[in-house]
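These are the structures in question, set out in turn.
Each of the next two complexes has chain A plus one other chain: chain B in the first, chain C in the second.
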Partner chain A sequence: MTDDDTFDLHLRLLDRQVVDPDGGMICKVDDVELEPADDGGFVVTALLSGPLALGPRLPGRLGRWTVALARRWAEEPHPAPRRIPFERVTELGSAVVVDRSRDDLRIARLEDWVRIHVIERIPGSRHESE
Partner chain B sequence: MRASDLLGAEVRTADGGRLGVVTGLRCTTDGPSAGSVPAPRVRALVVTGRHVGSALGYQQEEQRGPWLVRAVIRGLHRQTRLVDVGLIDRIEDGTVRLADTPA
Partner chain C sequence: MKRILSVFLGVLTAIGGFVDIGDLVANALAGARFGLSLVWVTLLGVVGICLFAEMSGRVAAVTHRGTFDLIRERLGPRTGLLNLVASLLVTVLTFTAEIGGVALALELATSVNYLLFVPVVGFAVWLVIWRMKFSALENVFGLLGLALVVFAVALWQLGPDWGEFLHSIVAPRKPATEDLSTYLYYGVALFGAALTPYEVFFFSSGAVEERWTTKDIVTSRVNVFLGFPLGGLLSVAIAGCAAIVLMPKGIEVETLGQVGLPVAVAVGKLGLAVAILGFVAATFGAALETGLSTGYSMAQYFGWQWGKFVKPRQAARFHVVVLLALIAAVAGVLTTADPIKVTEYSIVFSAVALPLTYFPILVVANDPVYMGEHVNGRLSNVLGTLFLVIIGIVAVAAIPLMLITAAGQ
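Here is the complex of A and B:
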């Protein structure tokens, strides 16, 4: 294994922006899911995002509070990080491109609900000045 | 398991000796995936004695940048070694325990 054919997952994947095919921002890669592979190593099976993924990476109380608040505000009884299966990824570069839009992925239902029912009803929210 | 379970974890050999902490995960792009991009496969843990400055990436040979910063960070991480993930025995409570001592 040489430096030419390897990369560091920490530096090249974590904290990257996830975008849809049109460049629309979806989320950040806060962590990744790993599974042992039959033929060796651990394979990335999904991108994880949101406070429940980021919290455990943050130091000390900041991380614990982030996770605790995310759990308290979650709608589900057993909240989990937002998950994008790795098979949705079409490009790994300065951003991570996936083959679905944010709405199709349905990974941030609360934020989508707020956008549709609150933000988009505010006068001027649809770029009316343009 | 998540990447964060490995990053920052202390690495100990089978006899309990401390090797350092995991500051990076070296990958190849040959993992199985049902999509168009092969999944990254973690092959080795980047283990250093110190965690300071590891997120800057200067311990990698191909990384360029201000020579002074590069020299300081590489000096701090001169004990960096790659540990094959096949040597991992178990991961528990923020510690990676190896089944064997790496060469």
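Here is the complex of A and C:
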């Protein structure tokens, strides 16, 4: 991103799919973390995801309830959106590619919960389709 | 050679896959009441689905992203969410209609009440989604759906005056006994049946499932431009059969049996057996497609892992969504609401939801940063915009027409 070239965050980063190097889908860029830069602009320091990042972007009551539910359900005392530091990003294309696999990032608690409590209890969940 | 074979297979599956319970019911209904005077709507619908399926296939091949992924990206989380909720409601309603359709077809074959089949059908749909490979699932049900070609055979056997037949398609005349509003209402239903949104979700997500790249754009085009129009011809044959056999006798289509009746008249019992096989395959195939589409659209909006190209445990939320949609659909059929009526409503509501799906596709297919050299050409844009206008008018008119005509009574 050169000085004469503005980067449209809305159009080119927000709401994009985040994938790992093998194309595994991790999350959406629900929001971003910005910090002021020396030149008066802003730099993106992290991609944020999960209900705590998406909720504030949803309208009115729906947004507040999303955040409240996510807070209630969180295990940590001070729940925050899931965060992927921007250094992890290797490519910005039709998807945002990061350099870690989705298992390492442990990004989605709901995914883990339904996997353990529902899907893995059904026979055949560990097999490829045939 | 292998490539030609796969293209051929793709075309055959597209033919069989085009017709679902909505097309079966809408075409037979319209044929029995309005003769051939509404066939032009089906033909228009085929042009529309070709246009937008080609775009969504091309977008998926270039970007490897499914349609809902892009809907959220372009419309943002708010409008995207509204779109998601509306699309899910329509798709689950269609899913309900398809499962009811499979059960009705089995009732036709066995004379056992369709409600007894519903749980079995539901379980079978889930099992296939859970275990069967994507390409196998697409091919098996697409090919079996080709049994519906028996309607074309029946039309041939009925031997209408082809000159007159073509004339009444090209120069449509509304029957004098029917109101204009009823005529338009059935037109909206036929349009909704031809362009059902799940077809696009499924087509684009399928392209990602099969890991299409820009090299596959040609394959995609052949599938779309040969397969869908030939599938559309099956729809016309169904309407034509109903127009010739049912309309003169004043029979209105209220059951799936009446959809197949002209085949029994023209080709006999064996023909009817083939038609029933076609009903089962087409509706079962469409049940798989709608079921998967609920998972595709939800997962793509939220950025979850989806698809059958990974093990179920790697796409847990996706499979849970499909399972919940299935439970809702099965429960819907078990309320004993008439599946034919459910089908009629599902296609009209599809017509209402059309712009939500088709507008973002046109926008993304036009983005040069995204699509590079594969961006929409002028022809696609002119036709696409023109269609979007038609789709918009249909969507706005659908509900008022439904109220004025008391759902086509």
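The rule is simple: the second predicted complex is superposed on the first by the 115 of 130 C-alpha atoms of A that agree within 3 Å, B and C clash if a C-alpha of one lies under 4 Å from a C-alpha of the other, contacts with A are read in each partner's own complex, and residues count from 1 in each chain.
Methods note: a contact is a pair of C-beta atoms (placed from the backbone, for glycine too) under 8 Å apart; a residue touches a chain by one contact, two chains touch by 3 or more.
None of these values were measured; they are calculated from a predicted model.
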item	value
Clash or fit, chain B versus chain C on superposed chain A	fit
First, second, both or neither for A:120, with chain B first and chain C second	second
Partner chain in contact with A:88 - chain B first, chain C second, else both or neither	first
Chain B versus chain C as contact partner of A:22, first or second or both or neither	neither
Arrangement angle, chain B at one end, chain C at the other, chain A at the vertex (C-alpha, nearest 10°)	90
Partner chain in contact with A:45 - chain B first, chain C second, else both or neither	first
Touching partner for A:111 - first (chain B), second (chain C), both, neither	second
Touched partner set for A:57, first chain B, second chain C, both or neither	both
CA minimum distance (chain B, chain C), superposed complexes, angstrom	5
Chain B/chain C common contact set on chain A	10, 12, 14, 57
Partner chain B, residues of chain A touching it in the complex	1, 3, 5-14, 31-35, 37, 40-45, 48, 53, 56-57, 85-92, 99
Footprint of chain C on chain A - complex, ascending	10, 12, 14-18, 23-28, 30, 49, 54, 57-59, 62, 94-95, 102, 108, 110-111, 114-115, 118-120, 122, 124-130
Contacting residues of chain C [partner chain A, same complex]	62-65, 69, 72-73, 76-78, 80-81, 130-134, 299-306, 308, 310-314, 316-317, 319-320, 323, 369-370
Complex contact set, residues of chain B against chain A	1-7, 23-29, 31-37, 39-44, 46, 54-55, 57, 60-62, 82, 85-86
